[in-house]
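Got some structures for you, see below.
Next, two complexes with chain A in common: one pairs it with chain B, the other with chain C.
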Partner chain A sequence: MDTVFGVKYDGGVVIAADQGNARSILMYQRNLDKVVPLSSHSAVGVSGPNADLVNFSEYIQKNIALYELSNDGMKLSTHAQANFMRGELAAALRRGPYQVNVLLGGYDESTESSSLYFLDYLASLQKVNYGCQGYASSFCLSIMDRDWKEGLTEDEAVAIVEHCMQELHTRFLIAQPNFIIKVIDKDGVKTSKFGADPADT
Partner chain B sequence: NDRLFVGLGGLATDVQTVDQLLKFRQNLYELREERQMSPKVFSNVLSNLLYEKRFGPYFIEPVVAGLDENNKPFLSGMDLIGAPVYTDDFVVTGTATGNMYGMCETLYKPDMEPEELFETLSQALLASVDRDALSGWGAVVHVITKDGVTSRELKGRQD
Partner chain C sequence: LQDPRTIRKIVSVDNRSVLAFAGLTADARVLINKTRLEAQSYRLTCEDAPSVEYLARYIARTQQKYTQRGGVRPFGIATLIAGFSDPTTEGEEGKPVLYQTDPAGTHSSWRAQVIGGRNAKSLREFLEKNYEDDMDEDKSVRLAIQSLLEVVDSGAKNMEIMIVKADGKAFMEESAIDAVVKKIEEEAEESKEAKKSSD
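And now, the complex of A and B:
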């Protein structure tokens, strides 16, 4: 039921996710932040049951922080973070899989480029220019196929994301009134827009 | 390496995992033995790797192709638990095996030149994949000879 999607542009990545936390017929929360920052210049949009979502993302986040602390502040590249996540998911797959589908986006200062990685719960990793997880893919992938091109600006990328959100509002059965949009570029991870403030308790 | 190719078809996550495991085993072998792994040995390693997971297998159906030390071609195919089949004509795996067997059986003849081999393989692949709902979106063909590898991308029906 969660929708997460992301678009890569020249110089950064935009990741958007809905803010609902629901189970069965009950909506627990409408201001959940599902785009979790993993490091100063990367964030992962996670979708799945709340337990796995929080557990897995925090586990990865803390391990990446540990790496930076243990290795004298050396930052893991987005590629390395993605492969680390894939390894953890693959190892858990045959034990007790995490049912999380993620989109990892990051900006690498060393190469001055951004990247977006699609990683599903079976640990299939793919570097992509744009991606969706969940039901969103049925609606939004074709919009992105059409609108995405090489050399987008941040505003154009956000426009694509908003186009997708509008499509979901119109045609998706489940009402998802709140979306959070985060932008990752050379200045780090910043929240561009949210439907409901995650900080409200 | 450039005389040994393995094709891994099946579940994407297992393709990636097995690819990484094979690289690991190959690197370790080459460091210890100080020589390159021959296709026969590689095929055996892969077979064992898969059978280790007999009751919880990797969902892949690999094909190993390469040139051994005497530049003789080597082919082997395997099922998901590592049962190998060694042939000298052709091996096929995947969702379009029925189509591919038919195409290969009719089009194959022994001792083809690289150009002819490429044509034959491409025709067989394209015809089978275009008819199969679950395969498609293009293909890559590598022709391995003692002088090197030629890789070409084919464009089929994009559906």
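And now, the complex of A and C:
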């Protein structure tokens, strides 16, 4: 069961996810990167079966790239990307649903602000200040409720994520030793830290 | 009065590939959109950028389809696609490549080429005379501008120059084009004077 975190702060947003890739009793991989960059200033943390996770995020990624190329380099706002993603989830819902639950975070240069969106496999869409996907929400939403406040710095936002990771390591049945944390701000998407290097060996 | 951004004849079809066209602008837009979609589709299925040659083949194939079907007419454009080939497995760097397509649906690779206008044939002869292998960027830009000057009224405002390099692409600044135009015209004047005095 995948864990995805998202925390919005002043001037950016942190997206984190566990790095495990497992099915049934098998652990395929411990260094999977589930935080997929969609554009220069946005990324989505995805949870779900590996097929849908990869297929859906790459599909959205390439469609956003097509939009930017076709429209003279104009960038889609985070709000637009989230609504596009929701539209695709909704269209597929009554045909062959994508079983993905995501947290999309992005920084908009036009408004100089960041935003975080919660989308689930039923095509819900909600703008939030922080969020979790997976079993983690049962443990960590209350921690985020307590710790989050307006005007956080990047370090404080990452600290909230690490506080949540600590809680999972203590109380969650499934061991998730590796997490990847990415930060999106005016300079784009960058990897803050990871438990295991996602680069292909 | 017209906004120049809306009549670009040189467009990106992918991160590393550029397309210039001559002919019916409306037809070009349709073909370019198809090509952009194909490039992203290739990236989605192959997890790699399409080569310039692949895109040229795709455009040529599309143009040909419209010559052998009922109820449609051929695309009224010729295109020039430019970019870099992939580095080889032996470690050789990518090389610049230039492809041309035409309404018949043929595609071919060129070291220098000109499309469009009524003087394409004579300009091609001009290029053949003045093209040298292994020209550097300045010489190549000079040759391109020299050829353009044969058909457009002098001035950077009537020209678009895009330079594609291994690490990226950029339009030339108007002031930079003006500088080259000036140099070419000065040298033309000088050679004319030299000729006059030697007669």
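The working rule: the second predicted complex is superposed on the first by the 200 of 201 C-alpha atoms of A that agree within 3 Å, B and C clash if a C-alpha of one lies under 4 Å from a C-alpha of the other, contacts with A are read in each partner's own complex, and residues count from 1 in each chain.
As a working rule, contacts are C-beta pairs under 8 Å (C-beta built on N, C-alpha and C of every residue); 3 or more make two chains touch, one makes a residue touch a chain.
These figures come from a predicted structure and were not determined experimentally.
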Note to self: Which partner chains sit in contact with A:Arg86 here, chain B, chain C, both or neither? Use first/second/both/neither.
What the structure shows: first
Margin query: Contacts for A:Tyr59 in the overlay, against chain B (first) and chain C (second): which applies, first, second, both or neither?
Written below: second
Next item on the list: State whether A:Ser124 touches chain B only (first), chain C only (second), both chains, or neither.
Entry: first
Margin query: Output check: A:Ser70 vs chain B and chain C. Expected answer is one of first, second, both, neither. What do you get?
Written below: second
Notebook entry, point to check: For A:Arg171, is the partner it touches chain B (first), chain C (second), both, or none of the two (neither)?
Noted result: neither
Item checked: chain B versus chain C as contact partner of A:Arg95, first or second or both or neither -> neither
Margin query: Going by the contact rule set out above, which residues of chain C touch chain A in the complex?
Written below: 5, 12-14, 33, 36-37, 39-41, 43-44
Notebook entry, point to check: Can you list the residues on chain A that touch chain C in the complex?
Noted result: 58-59, 62-63, 65-66, 69-70, 72
Check: Once bound in the complex, which stretches of chain A touch chain B?
Finding: 86, 89-90, 93-94, 120, 122-126
Item checked: Contacting residues of chain B [partner chain A, same complex] -> 11-13, 16-17, 56
